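Take a look at the structures listed below.
Here chain A shows up in two complexes: once beside chain B, once beside chain C.
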Partner chain A sequence: MPPARDIMAHRGDDDEVCPVCKSSRYLNPDMRFLINPECYHKMCESCVDRIFSSGPANCPVAGCHKTLRKNRFRKQTFEDINVEREVDIRRRVMQILNRREEEFDSKRAYDDFLEQREEIIANLVHGTDVAKTESDLQRYAADNMRSIRANQALEAQEASSFREQQTHEQELARLRREAARLEYENERKEMLAGREDVLSRLAAGRPGDAAAIAREGHKVLLKKSSARRSEEDRIRQKQAALRNSDARKAGQGALTTADRADESGDSGLIKGLKKIKTPEPEKPYDPFGGLIPNKRDYYTLRDHYPNSYLDPIRQDTRMQAGGYDLQEYYSRTLMEAFAGLGCFIDEEVSKREVTSTMGISRPVATEGAALAAVSSAGAPEASS
Partner chain B sequence: MKFFIDDLPVLFPYPRIYPEQYAYMCDLKKTLDAGGHCVLEMPSGTGKTVSLLSLIVAYQQHYPEHRKLIYCSRTMSEIEKALAELKALMKFRAKELGHTEDFRALGLTSRKNLCLHPSVKREKSGAVVDARCRSLTAGFVKEKKERGEDVELCVYHENLDLLEPHNLVPPGVFTLDDLLRYGEEHKQCPYFSARRMMPFCNVIIYSYHYLLDPKIAERVSRELSKDCIVVFDEAHNIDNVCIESLSIDITEDSLRKATRGANNLERKINEMKTSDAEKLQNEYSKLVEGLQAAEQAREEDQFISNPVLPDDLLKEAVPGNIRRAEHFVSFLKRFIEYLKTRMKVMHTISETPPSFLTHVKDLTYIERKPLRFCAERLTSLVRTLELINIEDYQPLQEVATFATLVATYEKGFLLILEPFESEAATVPNPVLHFTCLDAAIAIKPVFDRFSSVIITSGTLSPLEMYPKMLGFNAVMQESYSMTLARRSFLPMVVTRGSDQAQISSSFQIRNDPGVVRNYGNLVLEFSRITPDGVVVFFPSYLYMESIISMWQGMGILDSIWNYKLILVETPDAQESSLALETYRTACCNGRGALLLCVARGKVSEGIDFDHHYGRAVINIGVPFQYTESRILKARLEFLRENYRIRENDFLSFDAMRHAAQCLGRVLRGKDDYGVMVLADRRFQKKRNQLPKWINQAMLESETNLSTDMAAATAKNFLRTMAQPFKARDQEGISTWSLADIERHREKQKLEEERAQREVPQNLAYGGAAPAPHNGVRNGAGDADEFDDDIDNEDLMMLDAQ
Partner chain C sequence: MIEDEIYRSSSQFRLWSFTEASLKQLRATTNSVASDRVRAALRRAQDARRSATSSTTGTPAPGSDAENKAAEDKQIECLTPEEEQQVVDYYSEQIIQLGENYKPPLPTIVRATAIQYLRRFYLTNSPMTYHPKQIMPCALFLATKTDNYYLSLRQFAEGVPGQTSADDIIAPEFLVMQSLRFTFDVRHPFRGLEGGIMELRAISQGQGQPAPHFQPSQTPEDLRRALLSLSPSSATASTMNDRISRAHHSTREILKAAAQITDAYFLYTPAQIWLSAFLLADRPLAEFYLDTKLGGPIISSSNHDQNPLYALRTKLLTTLANCSALLQAYKPFASDEARMKTLKRIVGKKLYHCQNPEKANIAGQKRIPAAAAAAAAAAAGESGTSESEMERLAKKRKLERGSETTKDLFGGELVTQRTKERQMEGDQQQ
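Now for the complex of A and B:
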């Protein structure tokens, strides 16, 4: 870059004279202007050094009695000082009121929130109701500390993933460009080589087949170029596929949002927030799906039933030693006695007829499927 | 004459028809029947417009659907020509049919050309006319008047409201002059008559922009139905039109003006707050409800409409942070300040819209969504404030448009910030180019919406490039050759000077004195042997300037001066038109003149050098684009990655279409003749990229000439051309009467039968032959076949089409 351009880099500071020390750019070509977000008065770097090196001091601009510190001085970003100030205020407010669209019940509520935030910023900028707005803000910040933190983290994460994606894309674009350049070069080289080849063959061959050699060389070139084209296409397709999969991956990355915890639905200042629902704690796993294994519907199993035939067995050690258990017998007999009490044959038969006609109308369903349907339809009744 | 194409009776307003016109009509009809898009290349000066119009009008009138025709052309003069052509056609139809058809055709152009208001029409700039017209015709002005306030209204516009809304002008064809005259007679506004009558017209003729530029298209062309037939004539540059309609350049100056505009808006809002707060409140509540305020106001009043294409428009409520007027203004100010900050950067930057948006957000906390609504919100605000002097807000509107576009499209656009005008400049003059890279974006809605889109021009080669670039499928791609009774134009490629040294405008040797002298000698030779006018095209202004000054030093200009007057095109339009006028005078009075112009300039695009205005055209160098431009580089990369068009292919295609345009300037009809010289070594290989009609006429022996050989050939050619040529010699060869058409059809039928009987083979008849994609028509063969059946008919006027 020529030196002239460096000098021109300072254009934009329209008044080239420092309002404090009145030195001008003409005398001091690398003069830089700084501002302090306390009062936004502009002064040159040497003034800042001179006045504020020995600690905080009052702003040298007449009528401004703000106390300034040197470390807060910085370069001005925007030309318009009002905008600079507004952006500073906005930065602060946005850091606190950083609700996201998905936290609201409706679009309308979100829009209302946006307007409210804008209102707060405008109040702070124009100096209306500053005290109240400030206190509101502070209260909100204190109340919603966790959600603010969470949203900030989320935002930072999104920004970084976007940046990553961006660099990734740039890298890919660079590679593609490189590939295209190589392709052209190869093509050129091949063409030149082909031409040379033809020439050397012409030089070596007999005068009779000159035309044939030339034609052949031309054909080879054509064939090569068409082969290369198809190859190129293949590579491109591969690249495109790669690109797509990358994009998909990146999209998935962005989707995984950190789950956010919030203590209360209503944050005081902002209305229309979604009520946060905490999911119920998961119940322990029930292998029987609500069925209690030893429950009997029609009877209770007792330890002993008086019976003249069975009573002697209770005493007989031969029986006991073999492992025979009367309890087992009781339970089986009772089960058999009450089995089928909840089944109603007529109903089942009629139902079966219905399903079997359905089975006919639907040729796809096999007989077995129909039977299975019947048995599954009958099962809940049997258990009840 | 009247003839049939399949079952369709076509009335053609001339007694003779060219074979290529007939073929063109046949293909056109096939496309319309099939319902799809097509690309047709027809040699310049062979009556493309009249064949197009007569076929489509016949189609409209014969079939019950009465599909509407939208005919788009590029310049005012072409629109005028088409209207006049249509008028003659309808007159002929009325005479032939014996009754006047119920038919309405109107042309639409800007307010500036159609205004009748005594003081407004005297304004010079189109923007001022627009603004003043709005201030006299806007809906709120009328409301004010009704409330009894003292405001001025346009009488011509007011009178329109007294008429029936669907019958503002009687049926018939109105050229722009007719419309003005009719408006003056009936004291009604021609512009608004035309706009409001558009839904009731059979044929609409207007400029590309009314269909392609989303800012205008949404307003003007919204009601057109789906089955309209859309024709883009002279469409060889359509991709650039598409791209320009979505590109924006922002300079520091425009930002300054935009800031002023924003401050004005703020003041107006404060005024309104004290005087008429209710109105602002109304607007606000409307926006809260998410109503589209645009629906309610009369669309003609719109100040700017959304630059986003209809399918991307989101029907949502305006986001909350720009709902209030004052918030919106502060939002705009912030955005403008941000842009100003960006402008201070001292190195070139190119970035994609997403990365731009992230940066905006980091620095100013402006999010994407409100940016997207910028244009719409500004429209609504301007309407609420009832601003009259709208031209002051032009730069602000530009910024809003930019904001909306940048937030809407992620792909196919690029932001390029160039702090310096050229490499050597030290004083920064930053420009922020927001460039559209994808021509398909702007034209996509047109292809999606209308079932038949016809793209046609004199130079569209290679045809397959256009469907690729514009993203559509063509059911028909055709290129027609020119049937000629004699060889009336002589295309040549000159690769060497008289000293056998190669000539080229390639970068390495373009300033080589030897090359420059050879070019000078070439021009000198041709100005010596050519009668009347000679036109020379250079690749760029810069090169032209340097070469002219070198010629001056070599004394070449002095020698040319003996034979021809020398005139030069400049970037300034007025100076150029003066030069052109002088050129024409010199050609008419026999002095003869040499016009030096630029292949991408104004002369190469719209101005015809028919007959003695141009007997020779010389293309010095291949008119490549300036490849170091970042915008072009970005576009090339985009084309490579998305459409698989290689950089070199595109550059060469672009250069050759401009070269062909230049060559086409000189031949404007079949009775015209001229020499076409392509003076560059590199043209020899690019010959195939010329339009078919030029390429076919070029003999193999004339593709590698030196200056003296070329001059000898041209001399011979010009001597042949000077022989008397009777119009009747053309009959049956390059002009057909009804009988010839009949014969052609008979023959075609026979061939078809034969083809069915035998092995299907590619027939030489592009027209309605069974293999229409193979449009190779052998012009010479044609001539032989018809040589012996010249009818004994009256002598035709030489100039009759």
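Now for the complex of A and C:
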């Protein structure tokens, strides 16, 4: 009943006249009322055009001195102007205070945050402490611009992925319906064909075979339908698996993009946010793990040591041509002169034996080899 | 100290370093396990012999069996760990002698490595199981390979005295490698000695670099003066250079023999070994050298609690003293008549009697491992009778196998012929 709905939609406007130009719907049935979220005063479209086309101007309603702009005018959504205003305020606050649950330490902190947000909204709606609340809100918005931006992006992404998923599901449902219809038709066709076949055979065959033919026809039908059913089952399973994997993918996408916030972490207004750990800057790679390659503790290597035996080598081109470097000899001999000078075996080995039950006297590593060798050459006694 | 860390990563430190107690215990277990096995093996061999004889005579002596066993246990007298140790020491010396047989003689380091291989091998094996006479040439040949001194096996076999073929030499090679746990790296003190002497020479010429922790306070000139002001060692030490050369030579002699034939490699690190040998050769010189590295007693008296070098020094001095004592106590077998005599008794008689018969033929075992024990037992017993016995058994086995093959390959039929026929009849009646 379109006329009735129309009436319902315009009923609020019907008995109203534009407060600015006093023209009523009776005179101008196409009249539409617009509001501006600055002061929520209602006026008709023609008034808006007339007054604000040439730029911002004061609200024409007596006593209201707000400056309005034409582009902010819009159609009223709710009948009650207070609801309209509250929704606007709520939307604005929610856009700024758009922390997500993942960003909080605990559920409790998140709940506190929700309550705080409701309080701010209520303050703004009912006009208590408006100036302070507004300034708090502005400061917060300025301080946390990046996290707000990030969270907005996240929300948009989630919404779009949700939409995508929905359309996908609808598409799937449509395909399923299509398949079901086709299948039903096929079945019907086959049944008819089978019946005709049976009839023709009955007509052609001998009277004694009637019962057998009828039974056979029935069996063929049953077999076909059962085969079809198993086929369907298979397809259905495949589709279900496909759907599941899709859903999982979507969930992963949401997770990976979540949980991003600004570096400050402490936003002043909101308590209980998670501390954001900035990873330490990576140190330059040290291939020796803190070891200084040519550092020695017992000696300082010289470039040359006087030695009547070695000195001729320094001049010998035959030696040098092969790449022999006396420096290598120096460093190796001195290294071996002191390697292990401070290792006190009686202490260290006994300590080692205490810590590891399978100490040096149990050659575990070779036990397998020893076992293998028993057959060939006999094992060392202590290992078996 | 970073050098010590590097040494700690070596296989010599990880696998082949022991305390005196653990070394002794390890040898004791090796000995007890080996003697048990030798007793068991000898008894088996005797049983085999007896069963062979009894099967021919047909009159076993049931009552005297237990008595015999007790008597045998008394008879088989195994080596003690100390005697084993003497045997190994003797054959270690023999390696040095064997090295002289070649032209040119094998380098000291090859012989030293071979000696260490032999000593490591006999930590987990007993001379009763594997006679050192077989293992010794193999260890030396292995050492020529690991120390990069190439000799072909034929060349090598020519140098080994007696009727030793090339095959005999390499037969126990895998066994030796396995007992070495495939760690072929032996850290010798020889090169370390060269390094120390090299540095002392540099100091004597005023070119010595002080150790890193004394870097700013000491100058090369200080070191030189300190070295020259050392008390002259004993005899007419003409110049510092001569003195160092003499100390070098005598240290090397100690390292060549005493350090090899004793347990020094198991108990001490190469650096400690050469320094304690150096202490024996020229005490003032060695102490001076240590002081340049670890600081003299002047530093230690001031604040020795905080100074880690002081703790290191005191500990090191006792360790070096112990090691010196060990090296000094060494006497070669040739110089000691009494020891030589006891050794001859051990090797000649005792070892001959308690040699494990099952391991006697390493080369043979390698080829046919399963039959080795039986072959050894057969070889021990009277060959004629046991051989005929074995032949008889083999024939019997063959006969059994032959009768089996005449039957159906997959066994008899499951349904016998008669039941089959009955079934056929039943079908026809239907």
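One rule holds in what follows: the second predicted complex is superposed on the first by the 217 of 384 C-alpha atoms of A that agree within 3 Å, B and C clash if a C-alpha of one lies under 4 Å from a C-alpha of the other, contacts with A are read in each partner's own complex, and residues count from 1 in each chain.
Quick note on the criterion: a contact is a pair of C-beta atoms (placed from the backbone, for glycine too) under 8 Å apart; a residue touches a chain by one contact, two chains touch by 3 or more.
Note that the structure is predicted; figures quoted are calculated from it, not measured.
In the superposition on chain A, contact is made by A:107 with chain B only, not with chain C.
Judged by the touch definition given at the top, the superposed model places A:207 against neither chain B nor chain C. When the two structures are aligned on the shared chain, A:333 is found in touch with chain C, with no touch to chain B.
Touch criterion met: A:86 reaches chain B, while chain C stays clear of it.
Contact with chain C, but none with chain B, is seen for A:341 once the two complexes are overlaid on the shared chain. Judged by the touch definition given at the top, the superposed model places A:118 against chain B, while chain C stays out of reach. Legend: residue contacts after superposition of the two complexes on their common chain; A:180 is shown touching chain B, with no touch to chain C. Of the two partner chains placed around the shared chain by superposition, neither chain B nor chain C is touched by A:287.
In the superposition on chain A, contact is made by A:298 with chain C only, not with chain B. Only residues 259, 288, 316-321, 323-324, 326-327, 330, 333-334, 337-338, 340-341, 344, 346, 354-355, 358, 363-365, 420, 426-428, 637, 640-641, 644, 646-648 of chain B touch chain A when the two sit together in their complex.
Contact residues of chain A toward chain C in the complex are 291, 295-302, 304-307, 330, 332-346, 348-350, 353, 359-361, 363, 365-366, 369-370, 373, 375-378, 380-384.
Chain contact summary for the complex, chain A toward chain B: residues 1-2, 4-5, 8-9, 11-12, 77-80, 83, 86-87, 90-91, 94, 107-108, 110-119, 122, 125, 159, 162, 166, 173, 176-177, 180, 184, 233, 236. Chain contact summary for the complex, chain C toward chain A: residues 1-4, 6-8, 10, 13, 15, 17-22, 25-26, 29-30, 33-34, 37, 123-126, 129, 172, 174-175, 178-179, 181-182, 187, 189, 191-196, 198-199, 201-202, 205, 207, 209-213, 215, 267-272, 274-275, 293, 312, 315-316, 319, 358-359, 362, 365-366, 369-370.
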